[in-house]
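Have a look at these structures, which come just after this line.
Consider the two complexes below, in which chain A is the common component and chain B and chain C are the respective partners.
Let's look at the complex of A and B:
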């Protein structure tokens, strides 16, 4: 880059020099960076940008995989239809309920777990414990769904046996319209709290010890440390954790598919299940594209709110 | 929507059926069959035929049967099995992408129109084929109807299913119960088994209650048998040639409401988790003796009497589905084989279809754990001795209705939407009337937009 900049702007290169300069610019870094990332950019464009553009195009047509009708441009009809679809709107509401309940719990539990992991550092077996702790996040969601579907079966599952052992009343878990969503959220938290905990732990380990020591000298209690040290200094980590959690909740599919298929009734009918049914069972591809894009826009909007918060923090 | 049925080589077909049912299949068809087999000898050595199918209990029998095809022709048959939803999605996507990844695809009855255009129509091949090998009229009549759409033969049947009442004979003897013939008896049997002190750990029954397709499909098992109900204005047994002429939904009709109320009324006699149960859980409960009876596809019948999968071996009885309507209507489902329109080698696929679904091989397939698709197979004495429940099959097959569940493009959508609303009613999220009226409106609107004749409420 320096070599290229060092050349006088007005100097006209001889024909032979042009190639040499181009090679130099590639080799020395002016264009080299672009050349190096070009394959990745092209691959990314093929795998994400093109399908996105294609989805937008499809969403404006009447394309249906089952009905072999001529392709027609229908404008925003599919978007209007999605807004008028009670199941789609209901699925957005259910997803919002999951987010509203799960997100605060996820962050709080992750913080508590991270604190425990931090305190346990250096103890015998702490590395093994940390490895075991992260296993739920590494497991396939569908495996987890099937595991809990049978473990929490009200009759043959181990869940009610545990409750009985503690002299607690048995529950219906996934088989009840009132309990199914809470059970689903509990399973989601079981899977994802460990991952969030590791993020928080990384943040906690980055906070200098002397800040805590100073707070101790000032006679602070544990909740003062949480309120005035941990939360402010972990804000960026927490924002990242929240963005990832929101994306995960919007993508929540395997857990629901493997446990309740959206039921009982529409108690666990989240947005991914709704789009799956439209796209892969009804094969109403255009409507599925429209609903997917609406969810994508919503996700970007929510993520932007948090990203803006992070930028503010950086300033 | 559907036109007249196709009846190839009726005379020869009928003759083969008559001879087959009197035990003369080997001699009656030996000429045509022998020539057909001789023609296949090493014909496809070194080639591979790829087949996609549901991963149902017949697959091990299919794989064993395929070994005979490999021995005969030299062709390797690769079978890819998937779950119900997954196989539908994969086959549909393959069709839309015009993929040649599979030569033979396996189709369920309600998928017929959805795959119309994805498979090669077989009319010409059936007409030109050896009637002794194809014996088209030997297929169950209901399956001949089920594999046709608009007069075109989409596939050939090989493993049809029918819904039967399965009951634990030991429990029924203990309680002095008989298989229900109507729904009052059906609910009473469930209550008696559930409350019995003699069988303290046994529940009455389990129905398909899981939201979506499970409970949606259950509705279609019941509706025709509840006081002469029907799901759509022109969908009832005998509606051919056009069962789709008037698709006005009748889910909120008195019979529709009564059907959902019936499903609700039996819920107290089911295990506590039953609201989230579908086919697999129901079968597991039945096979482990936790319920007294179970209305299930006959695909599950062999497993209940197999010590590898069951603890109630020797205690399995079957009976027709109960009904309050004058005539029983039995739900039919199950599988046919079709040639992928984009198959690499359609000739090999056709030879395989003819061979696998032939009267001779259908018997071998059934012996290995498959299912009869033909009258001759059902009449086979050896098989009748092996599977006593064929007696019930013989009783119910004439009552089966090909369009029991819609077979049009909108079938999945109808079943899913209806199933979601029924689940709302059964779980108490809505009243039955509210749910069924909402189902009428939503499904009716969808069908009207799809071009059907529908009168909206």
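Let's look at the complex of A and C:
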């Protein structure tokens, strides 16, 4: 697809001219492409190449943003420190825990919600229900966090009133070391399941009806439909949804900042909060650079998987 | 498709589905509705146990305190509007030519550039914020709205270029070539032919760059303070308080969420393309 439309326009010289001036090559010819793309490349370099160079460079020194101490080359000290820092390693473990619990739930719940929305299509109010359902998708994570901080307050929160209504025991939510991480995951799911359902729904609507009708004729049960039709045909959508979700979990910052700020203790101390603390509360810029770099490498690896999936999709 | 005899048997199931769909809508909106109700309470009422279910709707004090001229949230609100709108405009001005070049010109090493673009979008901002904020300090742009806009444009650019490339590629090249044969310059073709045909893509970029900057917290916390703080930074101030003033927080929070709700109601069909970078639907 890309190869097909790369050439034709630039191959044709301007009418009536053999030798093009530089101005014409830019306005009407082959050089224009590079001129058009240059500002974007420069700004993107600012975001990717610069942090990379900075992080690699600074992480080998004792630089900190505050004190003008003489800059010293310290080799791999910061990396050794990062790996021996129980808080940083702990933050990686916490993020991994969130991913392990949240990812399967996110995909399963999204599939269930997408099926509900699909079945409800055409019913009275179903369009409004879907619209209301996906509002969290566009909301600021911080505002979500603050709303839940209020609703899930163990004393004055409305959450425990709802539990009481259903004859369930009250919870401590974010106030308890044991429950805080699960509460955080629940809020994360509240925010992201609607978007994932939208992806899955788009995929479901693309599956030809006659496949289900044929399966019905064969007398298949609902779990046959899930196992033998939906999961295989939605594979690519599910993989893309999973990759986007992993990136979102690595990024997880606002939700934690607005609720627990990493606590109680280190119960919700995720990796973004960890780097933020090192860089902007302890002002250990060099160590923050070293840890940032590790996260950066991890994400580039994930992005590569994503791009490969997309290329296959477009083929 | 069910026959008439079949539809009677299916009916309870359809009722169940309808109620489940309603339940999904309630779960997603309950915290927002609760915050909206709270914004009409006094401090004592907001902290009452059991909670006050129906507030006094004549009590607009929290809203007036925050948003009337001279209110506490006015400056953050204006800052946020400036940052979000500037980010949107600058991103589009830089991204449109780049995307067009990737879609139409023979740029060398195109797949590498595309991979680079996508990986920078997936990068967590936390991994780049230490170098970026240090750079802003060196450039004397720390604690300015301009500095924040640069960070946001850089971060959104990849997504904008990537998605616009898809939309531009979907414009049939024959139409552009026909215009070229009629003597329209390349830039003229871009303006008069390609843009109108790729309008959906432009709308997606505009919406998503705007709402990203409107919602973003991490970079804003690091880059701005006091006079330059954005609405999310102002809101986050409530979180670090021990005696959180939830009734005030609720008013600001609800105001902060209004653009998101408007987008969901009026631009719903662009959300999948915008959030998945076109991976699942390029419109």
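The rule is simple: the second predicted complex is superposed on the first by the 262 of 315 C-alpha atoms of A that agree within 3 Å, B and C clash if a C-alpha of one lies under 4 Å from a C-alpha of the other, contacts with A are read in each partner's own complex, and residues count from 1 in each chain.
In this text, a contact is a pair of C-beta atoms (placed from the backbone, for glycine too) under 8 Å apart; a residue touches a chain by one contact, two chains touch by 3 or more.
Nothing here was measured: the structure is a model prediction, and the numbers come from that model.
Legend: residue contacts after superposition of the two complexes on their common chain; A:155 is shown touching both chain B and chain C. Of the two partner chains, neither chain B nor chain C is touched by A:232. When the two structures are aligned on the shared chain, A:263 is found in touch with chain B, with no touch to chain C.
The larger set of touched chain A residues comes from C, when the choice is between chain B and chain C. Once chain A of one complex is fitted onto chain A of the other, the partner contacts of A:147 are limited to chain C, with no touch recorded for chain B.
In the overlay built on the shared chain, the residue A:307 is in contact with chain C alone; chain B does not reach it.
By the document's definition of touching, neither partner reaches A:208: not chain B, not chain C. Shared-chain residue A:104: touches no atom of chain B or chain C.
Residue contacts after overlaying the shared chain place A:282 against chain B, while chain C stays out of touching range. Contacts of chain A with chain B, set against its contacts with chain C after fitting on chain A, overlap at residues 65, 149, 155-156, 259, 261, 280.
Listing the residues of chain A that touch chain C in their complex gives 1-2, 5-10, 12, 27-28, 30, 32-37, 39-41, 43-44, 46-48, 50-51, 54-55, 58, 65, 113, 116-117, 119-120, 123-126, 128-151, 155-156, 158, 161, 190, 194-195, 198-199, 202-203, 237, 240-241, 244, 247, 250-251, 253-254, 257-259, 261, 271-272, 275-276, 279-280, 285, 288-289, 292-293, 295-296, 299-300, 302-304, 306-307, 309-310, 313. Chain A meets chain B in the complex at residues 65-68, 86-87, 149, 153-157, 170, 172-177, 180, 259-267, 269, 277, 280-284. Residue ranges of chain B in contact with chain A, taken from their complex: 85, 88-89, 92-93, 96, 113-114, 117, 209-214, 271-277, 281, 290, 409-410, 412-413, 416-417, 420, 423-424, 426-430, 438, 442, 450. In the complex of the two chains, the chain C residues touching chain A come out as 14, 17-18, 20-22, 24-25, 27-29, 31-32, 34-35, 38, 46-51, 94-95, 97-98, 100-107, 110-111, 113-120, 122-132, 134-135, 137, 150, 153-155, 157-158, 161, 169, 173, 176-177, 180, 185-187, 211, 214-218, 221-222, 232, 235-236, 238-240, 244, 246, 249-250, 253, 256-257, 259-261, 263-265, 268, 271-272, 275-276, 279-281.
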